[in-house]
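Let me begin by presenting the structure, written as C-alpha cells, before commenting on it.
Each chain gets a letter, A, B, C and D, in the order it is written, and its residues are counted from 1.
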Amino acid sequence: MSEETKVTKPSSGVLPRLLAAFVIGLILGGLGTFLVQSSQYSAQLSDLQNRVNTLQAAVNALNTTKIYTIGVSFPLTGELSDVGNQWKTVAQMALNDLNSELANENVKVQFKLVIVDDKTQAQDALTAVQSLAQQGIKVVVGPAASSQVKAVKAYADANQILIVSPSSTSPTLAIPNDFIIRTVGSDAVQAEALAKLAFEQGARNVVVFYRDDEYGQAFAQFFNNVFSSLGGKATLTKYATGLPDYASEVAQLSSQVKAIGADAVVMISFDTDGANILGHAKDDPTLSSVRWFSSEGVHGTTQLLSPEIATFIRKVNLLGTRPVFKENPVYIDFAARYKSLTGRDPPVFAANVYDSIILVGKAILLAGKYDGAAIRAAMFKVASNYYGASGWCILNSAGDRMYQDYAIWTVSSVNGTYEYQDIGSYSGGTITWG
Amino acid sequence: MDVVGFLVSWITLFSIYSILSISLNLEAGYTGISNFGKAAFYGIGAFFAAVISLSAFLMLNGLSYPLYSLETIISMGTLSKQNPILSILIFLFTVVLAFFVSGIAGYMVSYPTLRVGPAFLGITVLSFGELLRIFLRNFQPTGGTYGLAGIPHPFAFIQDPAVKDFMFMLVTLVILAIMYIFSEKFVNSPYGRIMKSIREDEIASLCLGKDVPKIKAQVLFIGSGMAGVAGALLAYYMGSINPDIFVPSLTFEVWAMVILGGLANNKGALLGAGIITFLNRASVILNFTFQNLPIDVNYIRWMIVGLLIVASLLFKPEGLIPEDPKSSFIWNFVEEKEPISLKKRMEETSKKVKFYIKKVFDWFAMGGG
Amino acid sequence: MNLIDLGVVINTLWIGLIYSLMAIPLTISYKVTRVLNFAHTSLVTVGAYVAVILSLVYPDFFSNVFVALIAAFFAGAIVAILNHKFVYRKLMDKEASPVILMIASLGSWIFLKYLIYSVISIVSKVIKKDLYFAVPAFRYTLNLNFLGISNPSLTYSLILGISLIVLTFVVFYRTSFGKAMRAVSDNPQLAQISGISDESVMTLTWFLCGGLAAISGVFWAMFSYASPEFADSLILQVFAACVIGGISSIALTILGGFVIAGAENILMSILYNLIGLDLSFRPFLSFLTLLIVILVRPPAGAAGGLPYRLKFKRERKWT
Amino acid sequence: MPLLEARNLTAGYEKLKIVRGINLALNEGEILSVLGPNGAGKSTLLNAIFGVARIFEGKVFLNGKEITGKKPYEVARLGIGYAPQIQNVFPNLTVEENLELSAFKRNGIDVKKEMESIFKLFPEIERRRKNFAKTLSGGERQMLAMARALISKPLVLLLDEPTAGLSPKATSVLLKKVKEIVIELNVSVILVEQNVTKALETSNRVAILVGGEFVYQGNSNELTREEVEKMFFGEKVRQEL
C-alpha cells in the first residue's frame, strides 16, 4: 500500500529538481569549459598547422592558390530587399574584378563570397553574422540598416569580426576602436549639402518630409540645423516606414504645404517609398507647384524614369544630392558595366558596396593573415590610399568614411527618353555647377 | 567549423524562444487563450531591462546622457566591464523584475480584452502590441527609431568571448529549466486542471463556480511575465534593441513552434522551438555548400523552412508530441480509464524482465545458436 | 483651417475599396472552409506579379488591363486550389482543428513568399528589369478620367473594384453556387446530406477567393507598386477590416474596410491638422480604431462578456 | 427485394462501436419505426446508412446497389433524403434557398415546380418562404427539414425524431403529414421516434433497438405500448415471441 500512496503524492518537490538542474548545469558547465578550452587548444594547434602550411606553401611556391572567404550579410528579403538584391549583383561584380586583377598580377590568392540573407531584421542580422563567424569567416560586408549593425556590434567586437557596412549612416554608431567600419559618409555632410543647395535655389520655407527611421531622423535633424543657420525655415514631417503605399501621406503633405505656404519640399526617403511618394505627388496640384529636393535614396529607381513621373520631376525641377565623386572614371565605368549587366542604373549605395568588397579584399592581402584585428588595422591603411567607385575612401578614427563628395542629380530628357544626370557637385562646402 | 560556438549560440536562442513557446503553451495550449500579442510582452520585457540597466549604470557613475546617445554607447563599453558583481546583480534584478512588469502589463491588457469574448481576444492583443510598437517608435526617451544600444552584458568582464557566451547560455538554460519545471508543476496542479476545463468548456467551468475571467487574467499574467523574461534575456544577449524587432510575425513564429511541437504539451513546446531555431540557424550551411545557383540559396533556405512546417503538420496534425492523454482531464471522463498503479506497473515490468532473462538463459542453454 | 482635403477623401474611398476587396475573399474562405488563410498575402502578391511580369514581357497583348486581370485571376485561383488540395484538404481529412489549419497556412505563406522571390529573381535576370519594385506596363497606357479624378489607374480600379464587389454579392447571394457556399459555411454536415459535395464547393470557393485576391493585387500594383513584401505590410489592416465585420458577413467586411481606411486617412487628417499628430502614427490609428470597435461594439455577437464560446470548434457530430 | 437493406451492420464513431450486427430491410411504400430508449444508437444507425458514421462491418444496399462507404452527398444523390434531429436547417439561408439547395445539381428536377408542390404539402412554411430559416419555430424547422429532404424526390426518407420538442398537437399534425407523404410522393420512410404510441399509430412496421442491437422487428399492430416499454427496460421479450 505504501507504494500506492507514493504514486498519488509525488514525493519530490521543486527544490530537489532545482538542485538536480543546478548539478546538471554544473556538469554541463564543466563539460563546456573543457570543450571551449580544448577548442582553444585545437585553435592553437590549427594555428601551428596553419604556420606549417604557410611554410609549406612558401616552399611549394606559386603552385597553390589560397582562397579567402568574405562573408556578406544583405537584406535579400524584407523591407530593403529591393536594394539588397541589386547589391548582390554589385558584390559579385566587385568580386570578379578583384579576382581577375589578382589573377592578372599573378598573385596566387582568390576570394569567395558567402551571401547570407538577414531579412532586414536585427535579430536575423545577428544570427547571419554568427553563422558566418562560426564558419571561420572574419570579415562581413553588411548589414544594411543601422539597427542591424547595432545588433551585431556586441558580437563583432567580442569575437573580433570586422563588420563593413556600406550603408549605415546613423550618427550613434560613430564609435572609435570598434570592429564596425562604415564606408559611407556621414549624413551630416550630405544634409549640409542639401540644405545649401535648397537655400541657393531660393527655398526659404521648406517642409522636410522624412522617413521615420534612424536614417531619416538623423538626416532631417542635420538638415534643419544647417538650414536654420542659413536663415531658412524648415518644418519637419515624418512618415511611417514599411507601408505599402503613401498616397495618404502625400495628401497630408499637400495640405501642409498649402497651410504653411511652403515653397519647397525636401524628401528624405529610400527608393520604394520615395518613388511611390513622387508617383502620387504628380497628381497633386499643390505639390506640383513647389520645388522639390531629395536625398540620395530614390536615385537610381527605374520608376523615376517613367514618362509621367519624369515629367513631374522636370516640372518641379527636382534636385537631389548623392554621395559620389563627380566625373569619377571608376564610377562611370562601374555604372556602365552595371547597366549593361542588369539594364538599369546602379541603386543607392552601390558604389559603396563595390568599394567595400574591394577594400576588404585588399586589406586581407595587406594583413597577410586571416584575422579580424589584423584586417581591421590593414583596412585603415588600404582605405587611406584607395580611390574607388565612390571616390576617396579615407576612414576617420571611428572607422567611418572621412570625406565624401556629393553630386547633384536630377532626371533630364535625353533623345526622348529620360535619364539620371549629375549636373553639379558639392565638395569642401561649395557647390559647383556643370 | 566552430561546433562549440554554433551550439552555444543556438542553445541561447533556443532557450529564449523556448521560454516564449512554453509561455504561449500555457495560454493557448492549456487555457485556450489565443494570444497573438506575444511580441508585445516580449518587447516590454526587453525595453524594461534595457532602460533600467542603462540608466542604472549611467546614474551610478554620475552621467546624464540620453539613453540612446552615442556617449552612452561609448561609455557603456568601459563601464560594463568594471564591476562584475554589479553587472550580474543588475542583470538578475532586471530579469526578475521584467517578469512582473510584463506580467502586470498582461494582466492589465486582459481586463478589457476578456470582456470582448474569446473569439476576438487574439486580434485585440495583437492590436495592443502594434500600438505599443508604433508608440515606442515615436517615443524619444527610449530612443524612438534609434532603439537602445550598448546594453551592458552581465559577463562583460570575461575577456574570452567564447566563455562569456557560454556563461550566458548557462544562465538562459537555467532560467529555461526553472520556467519549464514551474510550468510542468503548474499545469499538473489543481489550478492546471481548472485551466484545461476552461479550454474545453468555458460555460461549464463557469457553472462549476470558477471565476473564468480571473483565471484567464492570472494565466495571462504568468504567460506575459515569462515572455518578459525572455525579452530581457534577448536584450542582454543582443546588446541592442529597437521597436521593430517585436513585430507580429515574431508572435506567429512562436505559434508555429507551439503547434508544431503539439499544443498542451511543454515538451512539445521545447521541441517546436528547438526545431524551428535549429532550422533557421543550421540551414545556413546551404549557403556555404551551394553557391551560384540560379535561385538564390537563401530563398531555398526559407522555402525549406516553410515546407517543413507544412509537411510536419501533414504528417502529424496534432503536433509532434500530442497532449499526454493520461494527464488530460477530459480523456479520463470519456474513457473512464483507471490510472495503472505503481504496483501493477512494477509487476508487469518484472514479468517482462524475467521473460527476457529466461530468453537469454535459454539462448545460452541452446549453445548460443 | 481646412481639416480634410478632397485628396484625402478620394484616398479613403480607394483604399477602403482595396481593403474590402482583399478582405472579402479572406472572409469568404474563412466562412466556408474555416481556414484563417495567411497565405492570402501570397495570393495577392501572385496576382500583382503575374500582371506585372506578363505586361512587361508581352506588352502588346497584356497591356490591356482586362486581359491582365483575367490572367492574374486564374493564376491566383490555381495557386489557391493547389494550396487547398495539397495542404488544407489533407489536413481536413485528418480532422485537424482550425488552429492547425491556420499554422499550416502560415507555413504555406512562408513557402509561397520565397517561391515568389525566387521566380522574381529569375525573371528579372532574364528580362533585365528590376522586378523587386515594379509597376505594370499598362499603368502608363490607361487613359480614362472620371468624376474629376485625374489618376486613370485610380479611376479604373474604382470602377472595376465596385463592379467586382457587386459581382461577388451576386455570386454569393443569387447563384446556386453561392447558396451552396453559404450552406457549407452554415453547416457542412447538413450540406453533405443535402447532396452538396463539400469538396467541390471548397474547391470552387478557393477558385473564387484566390482569383479575387489576385485581382486586388493587380489593382494595388496599378495604383501603387508591386514588391514581394507589399501584401505582407497590408495584411494586418485587411485582417482588421475582417474582424470589424466579425469575419462573418460580406457587407460588414466592406464596412470594416472603409472604417479602417477612414481612420487612416480622414481621422489622420483631422488629428494632424488639429493637434499636429505625426504622420508616422497612421498605422497606430487603424489599430486603435480596431480596438475601440471591438471593445465598444463587439462584432458578430461577441458581446456580453464571457459566456460567449469560442467559435473555432467546428461541430463535427450532430447526433 | 427490399428497397433499403442493411446487412450485419456494425457502426459507430472513431473507435467506438455503437450499433452492432444490425439487419434491417425497408420495403417499398412502408413506414418503418425505429424505437428505442435514449442512447440506443438510433441516430447512429441512420448516420451509418447515410455514410456519416463510420461503418466497421456489414453492408448497406439501396435498390440492390451497394452504397456502403459512399460519401453522404453521393448517397443523397442516389435517392435517400435525410432530416436530422438537430441542426437540420441552414439558419442563414431563406426557406426557399434551403429547399433550392437540396435540389442543387440533381438532374431532371424542375426546382420551381417541385417547390410549389412541396409548399402545397407544407402550407405552414409557405407563408414564410422569404424568411431566414433561423427565424422559424421548432415545428416549422422540422417541416422545412422534411421538405428539404423530400424536394429531391428521394426513394427513401430518413426522419430522425421529427417530433422531438414539439407540442402534442404539432406532433400529431407532423406525423399525419408523414403518412400523407408516403401516399402522395410514393416514398418509403424510416422514422426514428421516441413517442411510442404515435409511432405505433403511424408506422406499418416497427423495429426496437436497445443497447445497439435490434431486440424486436415486426408489424406495429402486433405490439402494444406496454410491451415496447418493457423491451426498453431490458426484459427478455424476445424469447416469448
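Basically, contacts are C-beta pairs under 8 Å (C-beta built on N, C-alpha and C of every residue); 3 or more make two chains touch, one makes a residue touch a chain.
For clarity, every value in this text was computed on a predicted model and none was experimentally measured.
Undergrad: Give the chains in contact with both subunit B and subunit D, ordered by label.
TA: Correct list: C.
Undergrad: Quick one: point me to the chain whose Cα centre is farthest from that of subunit A.
TA: Farthest by centroid: D.
Undergrad: How many Å are there between the centre of subunit A and the centre of subunit C, using C-alpha atoms for each centre?
TA: The computed centroid separation for subunit A versus subunit C comes out at 34 Å.
Undergrad: Between subunit A and subunit B, what is the gap in Å from one C-alpha centre to the other?
TA: It comes to 32 Å between the two C-alpha centres.
Undergrad: How many angstrom between the C-alpha centroids of subunit D and subunit C?
TA: Chain centres of subunit C and subunit D, defined by C-alpha means, are spaced 43 Å apart.
Undergrad: Where in subunit C do residues touch two or more other chains at once?
TA: Residues 113-114, 117, 121, 278, 280-281, 283.
Undergrad: Give me the residues of subunit A that touch two or more other chains.
TA: In subunit A, the residues touching two or more other chains are 76-77, 85, 212, 240.
Undergrad: Can you name every pair of chains that touch?
TA: Once each pair is checked, the touching ones are A-B, A-C, B-C, C-D.
Undergrad: Given the complex with subunit C, which residues does subunit B contribute to the contact?
TA: Its residues touching subunit C are 28, 32, 34, 112, 114-120, 123-124, 126-128, 130-131, 134-135, 137-138, 201-203, 206, 212-213, 248, 252, 255-256, 259-260, 263, 294-296, 299-300, 302-303, 305-310, 313-314, 317-318.
Undergrad: So in the complex, which bits of subunit C are touching subunit D?
TA: 176, 179-180, 182-183, 185-187, 189-198, 315, 317-319
Undergrad: Write out the stretch or stretches of subunit C touching subunit A in their complex.
TA: Subunit C residues touching subunit A: 1-2, 5, 7-8, 11, 14-15, 113-114, 117, 121, 128-130, 132-133, 135, 140, 150-151, 220, 223-225, 227-231, 233-234, 264-265, 268-269, 272-273, 278-283.
Undergrad: Tell me, which parts of subunit C touch subunit B in their complex?
TA: Those in contact with subunit B are residues 38, 87, 90-91, 94-96, 99-100, 103-104, 106-115, 117-118, 121-122, 236, 239-240, 243, 278, 280-281, 283-284, 287-288, 290-291, 294-295, 298-299, 302-312.
Undergrad: For the complex, which residues does subunit D have touching subunit C?
TA: Listed in rising order, the residues of subunit D that touch subunit C are 13, 43-44, 47, 50, 52, 71-77, 82, 84-93, 97, 100-102, 104-106, 148-149, 152.
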